[in-house]
Amino acid sequence: MVLLILLLVLAAAVIGTPLADRALGRHAGWLFAGVLLALAGVVLALAPSVLADGHTPGFTLPWMPQIGVGLSLRMDGVGWLFTLLITGVGGLIMAYSTRYFPPGRRLGFYLLMTLFAFAMTGLVLADDVVLLYVFWELTTITSFYLIGLSGPGADRPAVRTFLITALGGLALLTAVVLMVLRVGTTRLSEILADPVWSQDPAFATTIALLVAAAAFTKSAQFPFHYWLPDAMAASTPVSAYLHAAAMVKAGIYLLMRFTPAFSDLAVWNAALITVGLITAVVGAVFALQQHDLKLLAAYSTVSQLGLLVAVIGVGKEAALIAATVHTLAHALFKSALFMVVGVIDHQAETRDLRELGGLARRMPVSAGVTALAALSMAGVPPLLGFVTKENIFKGLLEAPGPMWVGPSAATAAVLASVFTFAYSFRFAYGTFWGTPRGSTDVHEAGPGFLAGPAVAGVAGLVLGPAVPVLNRLGERGAADTTGTYYPAGLSLWHGFSVDLFMSLAAIGFGALLIRWTASGERMAGRTLFPVNGPTVFEFLHEGLVGLGRRVGDLTRSDSPTRHLVMPVLVLTAMAGVAAGAGIEVPDQYGGTTHPLDWPLVVLATVAVVGAVMTGSRMACLVMVGVAGFTTALWLFLLGAYDVALTQLVVEILTVVVAALVLRRLPRRFHRAPRSRTVLTALIAAAAGVSAALGTYFLTGRRDISGPGQYFLDHSEEDTGGTNVVNTILVDYRALDTLGELIVLGVSGLIIIAVLNSSGLLPSHGSRWVVVSRRSAAYDADDNTLIMRAISHVLLPLIVVWSVYLTVRGHTDVGGGFVGGLVAGAGFALVYLAAPSASVARIKLAYPKIIGAGILVALSSGVLGYVDGSFVKPLHTGVSLPWGGSFHLTTALIFEAGVYLAVVGVVLTALNQLGLEESRPGDSTLGLMAPTPDQPPTNAPEEGSGDHPEDPLGTVPNGGTR
Amino acid sequence: MRAKNVLNRILGILWMPVYLAYDLLTGSLRVGWEILTPGSRISPAFVEVPLRCRSDFEISMLANLVSLTPGSLTVAARQDPATVWVYSMYTESHGSTLRYVHGMEDRLLRATRLEGAPPRPQDLERGERGQRR
Amino acid sequence: MTLALTIGVLVFGAVFLMLQRGLVRIILGFVMLGHAVNLMLMSAGGVFRRAQPLIGYNPADVVSDPLPQAFVLTAIVIAFSITVYMLTLAATGSDDDTEDLS
Amino acid sequence: MSIIDIALAAVVVSMIIATYRVLRGPSGADRGSGSDMVFYGFVALVAILGIRLGTALLVDIVVVCTLVGFLAAISLARLTAGGKR
Amino acid sequence: MTPTQIAGDVLILAGALAFLVGAIGLLRLPDLYSRLNGVTISGAFGPALILIGLLVQQPSVGNALKVGLALVIQLATSAVGGSAMARAGYLTGAPQAEETRFDDLVVELDEQAGKEHPGYSRPDT
Amino acid sequence: MSAALLPLMVAVPLSAAGLLALAGLPPWLNRVLLLAPSAGTLVASTVLLWITRDGTVLSHNVALWPDGIAVPFLVDAFSALMLWTTSLLVLVCAAFAIAVGDDRTSYFCPLVLVLSAGVAGALMTGDLFNMFVFIEVMLLPAYGLLAMLGSLRRLRSGRVYVTLNLLTSTVFLAGVALVYGAAGTVNLGRLAGAAADSSMVAVGMGVVLLALSVKSAVVPVHGWLARTYPSTSPAVTALFSGLHTKIAIYAIYRLYAVVFDGDSTYLWIGVVVFGATMVVGVLAAVGEETTRSILVFHMISQIGYILLGVALFTELGLTAGIFYLVHHMIVKASLFLSTGAIEKAHGTGALDRLGGIAAREPLLAIAFMVAALSLAGIPPFSGFVAKLALVAAAFQAGEWVVAVVAVAVSLVTLMSMLKIWGGVFWGVAPEEADRPVHGPHTEAGSTPVLVRPEVPAAMLAPCVVLAATTSGIGLGAAVLLDLGSTAAANLLDTSTYVEAVLG
């Protein structure tokens, strides 16, 4: 419960940030420092229980019970230590922040810092692997923002940091998933206690490597180490907290946490020790090379984290005691140093060692704090760092494996410590005691600013001699990670031992190194590696972006063909696979071929060959029309008269509308290169063969279907209709018909909408007329009179015929669709016969007709609820005055709706496309205003007016005539 | 007088399909022969034919009758003065085409007007290249 | 077999046209493809019974399956709607089709 | 092969010939005249099929064919003239 | 086979052959305008024979009405269609046969048209 | 709720659309008629979720014809979840469209209503052919919306979109034909398990699924999506992203479960193809330079994730896939809207012409980032749960290659989200930040005025609502996981569904 309270308090702090920021500005830091330090006090108060008595407070709340994920918390010794660091050091840094920033609001900073403290605490307390991962990523995100918000130029480093740590996060996620699947629980403590780790070395190795990868990225291990110096773009409080005390320690925490599972795994030992020591040495060498104090501190952190990783890799009790206490020591001296860097930067307005020196007289307190922290870092007695580093040497000597491993590892650690000594000296001496350089107008910082670093620095001094108080901590840490109790026996002095000599060697050679390199001056700035991390990162990043661009280029085309060819190819490939696999099919059911079919095959072939060969748009249109008529004839032969009729009318209307469009385009198509034509023909042939084979083998191999037979048997009795197809359309499957009607209606609306937003192209065909305007053949009024007279006769016939077809549909060939289409054909006739486009415009509000059609059909559908369901037709017999009765059904209303919608759409197409040309917004039928962002159109800009049709030029704005 | 006119008109209407069938048949045979036999015997021309028709209906009916008959085809029409331009496949002279179309017009007007067809105008002959005399 | 053959031929033409430059041929290709698929639907109902499904006109055992016919009717109208819309697109804005060739 | 079948074949052959004119041109109107003939061919085919299949229903359809076939003819004529009325 | 059936068959065959003749005309005749006269055979004469043949074979009042309707419509529309196509050809300068004797539609002294028409041909390429 | 009322979810929006087309109503009434049916659908689908949460399947034979004859309408947890999410998106996107003024273009409101009706119909129908019809009802308005709103490229995109979708619809229909040819029915209940039993039906359904895969923009047939979605208006892109491809995905889940009965013979194809989709989509996204084109390629990548669920066809896989689907619909729409708001206010979506928005629009920036992190699967947002469950399902099914791919792809996803973040929200605008713009409602051609571009609250609200939803789903994942697993159970064992169809 106390753990939940801990987290809740932190969550409350996050939520309260805006309020605190508004009220206190940068001084909100004091408040948060108070909160964090109070929490640190709580943690300290838990010490007797957790460290001495070995209690592990816990708490559980379900979160995603389906996958067993819960909000489980647990605090053991390791968790206790890290919680203390997060809250304690966090509190110091919060206090420090109140002075670091100039006066003003710092909402983003405090929000993210408290959020980070929350996430970090959650991470080290989580006893659920998924929860652990969640908090792990949350620290990554908050780090990203804290770096990125630190100022201009910080965004790339933030991104680099984010991506590299997220990479590790994904390794952790993978590990988490695999563990949960294998062990069957998400409880961390149960997973670690599972026997699987010893029983399945392959699994253990996989997970170990994944966990190690996660930790290496988070804790900046070679070769991922570069992100940490890169992240120094962040402000100093952020670096002090995240990059010294807390976030980078998450990796250390993770390694310690998983030690129980992996400590006996050779891969684990080897990976951690090798990588850790390489990192330790490389980091230390680089640290000595830095002029920038902050970068120096960053590389130093890298190096120290390397030591910790290596010693954890040993996996023995002493090693983990060392890791535990050195984590504490490092957090103290490194956060102090970072904070001091901020102080120096603030007061001296530089943190470049080449511009610093001799500040000790003006900034004595800072100098003292720095000296304490640097000496602790250098491993000089009697500071805490001396004790903990010595323990690390001791721990490394126990490294598992062949005899030589332990001594070699310890030697590498000493080597790193030699450089550590040197750069620690360079840091402190170069700033405060060396030759005075740069500005002399420097003052000591105020007490508020120095309190944080001072507390951390002094703690290192106090804890050195008093190091036995940490025994319980170390022992508990070892017990939690190795499972066995082992006396820590920490003390400043424990006789002459190998590790003492190693410490002395580090200090001695360090002093020599200082001498040889003139406090590192001679090594500084020299390029040791041909490449640096950020460059490699950006190179890879750019490479990936370039690859991505090329992947995108594969489909970067606005030509429909490029997009159409792919599905066709996939489909034919699928047909090929199906054919290759050989599908069992029954024999053909009944005959499939009739002698009368053959003329139709011939006609279809002729149509297709013609359409494919011709370069003339008009000829192609006609040939496609021939194919359509052939299809209609096929439908006749198959007994589908309604369909055939519809097909015929649709085909004609398609030709009419297409003719309206084609006149705007050149007469001929583009000529394609032969190679492309051949390729296209091959693809088309493959598709054609697939379709033919598919049809032949997959259809016609069964008797009439059950539903088909049902309709034939029941339609008259169910619906009163004898045209079975029509009863399916308006009774059984009226929903399909309703959908089809909607589709048709919407096509009318979108034609208006699109033309309203983009306008029509001018007529291309106006150039084709070559005859003089004075010729008798030219005049439109006179020459259309033949057609007009005919249309006057035909129109009534057509309309009557269309209504007849609609009404009789239920019992005979016909129906609302065909009826409407025939009526539409009548309107097309009127349109075509008119002497000019303006006369031709049929003055009916066609969108309203569409809307009315939709509403009529729908209302007939809703009427069905009277009888229990949508589109349920109602029936009644109406006796006629001349005897007999007429079977009346609401399906007829439905048909009327269909009829209206069809007529509306045909009118729309004729009126809209029949314009000579149009500009966006021309149509007043589309209601409301045109879109504000209009593209330029091809329409000429001359004003509208009564221009006569000009045969030799384009007709400007003919649409309004 | 009136009854006679009405009778005359009814007869005109009844005779129309017969004439039409005859024209259709003979025209088809003539053009069909042309098509099926080698060589070309056509002497086409575009002939302007002034009409006595007045209403749109009359003009368009005449134009259609001309077009329906294989061997002649209406290419253009004018309302006022009523005129059609006829493509004639076998044009012996300007006048022969005029006579042919006017014959059709006579039969048409007999069916459309109570007073029957008015007399044909005299001075409509044109020269070889269509120029007005 | 004749129907399958017709479908194959139509699909060949349709795909060939669809893969050409310019929207108009693509549209015409789609019109053709629509025919092919409608015939495929008819074929799916079986082609050995070919009498029209009007009750009272034909003996029940020669009447064709009415359900595919209803499907095809719906499909024809949907295809028509889209064709008309695509033709509108072809008449709007410039592209491959409208580049003048002469 | 019955007389009707011969008639059917004659019409189909005619339509193929007309197709040649559609493809060959040379003028747009030539293509149009070819297509007129193809569409008339369909009217004829429907009528002949009506006889061949022995169904009177096809007569209804012939009526629709004649009505709408005309639309195609004048649409194509209009297209030939580049939309000029 | 009944006599009416035979008569009907003969009419239909005649119609179909007339149709074929018109189609051949489409191949053989020299220019658009003459070819359109061939089309008239196929559009009017041929269908007329076929429709009458149909009526002869299936005589009924309903069929008579429908066939009559179809006949009238077919004749009227084929005529109008032919005219429309001829005019469209003329407007766009469809080439005329060499044998053409004169053309009353030409507007003389029309500078714009004079050079281009008649005799001007603009092949549809 | 009586199942007989289900068709009203189609009929009501259609009636509103018909009314809008019929009568010239004032703009406010247009808006009301647009929003009210969507809100009603949202409420209704919430009720449906409540009813179906225990695995209940509601069914109704439309027009009360016998089973196998009538078109059945069914709702189970899966379709209810989809109905809920789609109606939420329609509502939010419509609100955004109103905020940016899209609703004043011709027929915008009726078109969106028809779109939503089509979606509802496609989700509820238990009939293959009827599904084709409703997909068309959904597509037709989309054709118009795509070509009538947006950038200058909209017409070209409109062509690609129409032709591609027409091709796939036609292929779908061909598949329906083959299925009917083989099985003699298009009723899903009657088709249950048919493809597993008969290879003839399997080929037919394979054609159907192929068509749906193209519609869902699966690699290698994905390019159309990337070319078309960025050119229309942001609201429309958001709407499409949430509806069209997702309906296709829904249909793939449903049809594979019912007709193939989850037949494991073909699953490997899905694993390969969807894995490739993840990779290709994300790589292409990283290479793009405008906000929307990045997001669109992401969508392709994420479609691979979603469909992986059905390719695994385990309980966890299906649950994860369904969870992912819902999460993705919301997050993607949120991203399109937040970047769309920027596009509208600043006149561009190009990364190199934007910058520093985070400081000026903090709330929008947070909304974007929440959604972006969610998309990348970063906890604690919904995307994390989705990714976690899916990766776990893949490992569990032994498909460790695709599991690792899924994990790796999420890093690249993050990378490109950071690309947008860095290009748009951080840094500084390369030019003067206050640039001459046309206010969103000024007429084209009016004198440009120098204004400081600002995202109005009406545009912001929809983004925030959706971002809050994704956080809510992440933190309250239990609810959605519950529904997802109920839905998955219905897919694994289709007997309840099939019985509901067959009465």
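In order of appearance the chains are A, B, C, D, E and F, and numbering begins at 1 in each one.
Just so it is clear, contacts are C-beta pairs under 8 Å (C-beta built on N, C-alpha and C of every residue); 3 or more make two chains touch, one makes a residue touch a chain.
This structure is a prediction, so every number in the text was calculated from the model and none was measured.
Asker: Counting one step per pair of touching chains, how far is subunit F from subunit A at the shortest?
Answerer: The fewest steps needed to get from subunit A to subunit F is 1.
Asker: Based on CA centres, what chain would you say lies at the far end from subunit F?
Answerer: With centres defined by C-alpha atoms, farthest from subunit F sits B.
Asker: Averaging the CA atoms per chain, pick out the one whose centre lands closest to the mean of every protein CA shown.
Answerer: Central chain is F.
Asker: Could you see whether A-B or A-E has the larger number of C-beta contact pairs?
Answerer: A-E
Asker: Could you work out which chain's C-alpha centre is the most distant one from the centre of subunit C?
Answerer: Comparing chain centres, B lies farthest from subunit C.
Asker: From the mean C-alpha coordinate of subunit D to that of subunit E, what's the distance rounded to whole Å?
Answerer: The mean C-alpha positions of subunit D and subunit E differ by 11 Å.
Asker: Would you mind pulling out the distance in Å between where the CA atoms of subunit A average out and where those of subunit D do?
Answerer: Distance between chain centres: 58 Å.
Asker: Could you please state the distance in Å, as a whole number, between where the Cα atoms of subunit B are centred and where those of subunit C are centred?
Answerer: 44
Asker: Subunit C to subunit F: how many Å between their CA centres?
Answerer: 29
Asker: Can you list the subunit D residues in contact with two or more other chains?
Answerer: 8, 15, 25, 28, 31-32, 34, 57, 60, 63, 67, 69-70, 74, 76, 78, 80-82, 84, in rising order.
Asker: Among the residues of subunit F, which ones contact at least 2 other chains?
Answerer: Answer for subunit F, listing residues that touch two or more other chains: 129, 133, 136, 140, 143-144, 147, 155-156, 158-159, 163, 167, 174, 177-178, 180-181.
Asker: Could you pull out the residues of subunit C that touch at least 2 other chains?
Answerer: 18, 23, 26, 40, 43-45, 52, 54, 67-68, 71, 74, 78, 81-82, 85, 89, 92-93
Asker: Spell out the part of subunit C that touches subunit A in their complex, as residue ranges.
Answerer: My answer: residues 1-28, 31-32, 35-36, 38-40, 42-56, 60, 63-74, 76-78, 80-85, 87-94, 96-102.
Asker: Which residues of subunit B touch subunit A in their complex?
Answerer: Interface residues on the subunit B side: 48, 56-57, 59-61, 63-64, 74-79, 83, 85.
Asker: Taking the complex as given, what residues does subunit E use to touch subunit B?
Answerer: So the residues of subunit E touching subunit B come out as 18, 21-22, 24-25, 28-31, 33-34, 36-38, 40-41, 44-45, 48, 75-76, 78-80, 82-83, 86-87, 90, 96-97, 99-106, 108.
Asker: Once bound in the complex, which stretches of subunit E touch subunit D?
Answerer: 8-10, 12-13, 15-17, 19-20, 22-24, 26-27, 32, 35-36, 39, 42-43, 46-47, 50-51, 53-54, 57-58, 60, 62-63, 66-67, 69-70, 73-74, 77-78, 80-82, 84-89, 91-95, 122-125
Asker: What residues of subunit D sit close enough to touch subunit E in their complex?
Answerer: Its residues touching subunit E are 2-4, 6-8, 10-11, 13-15, 17-18, 20-21, 25-34, 36-37, 40-41, 43-44, 47-48, 50-51, 56, 59-60, 62-63, 66-67, 69-70, 73-74, 76-78, 80-82, 84.
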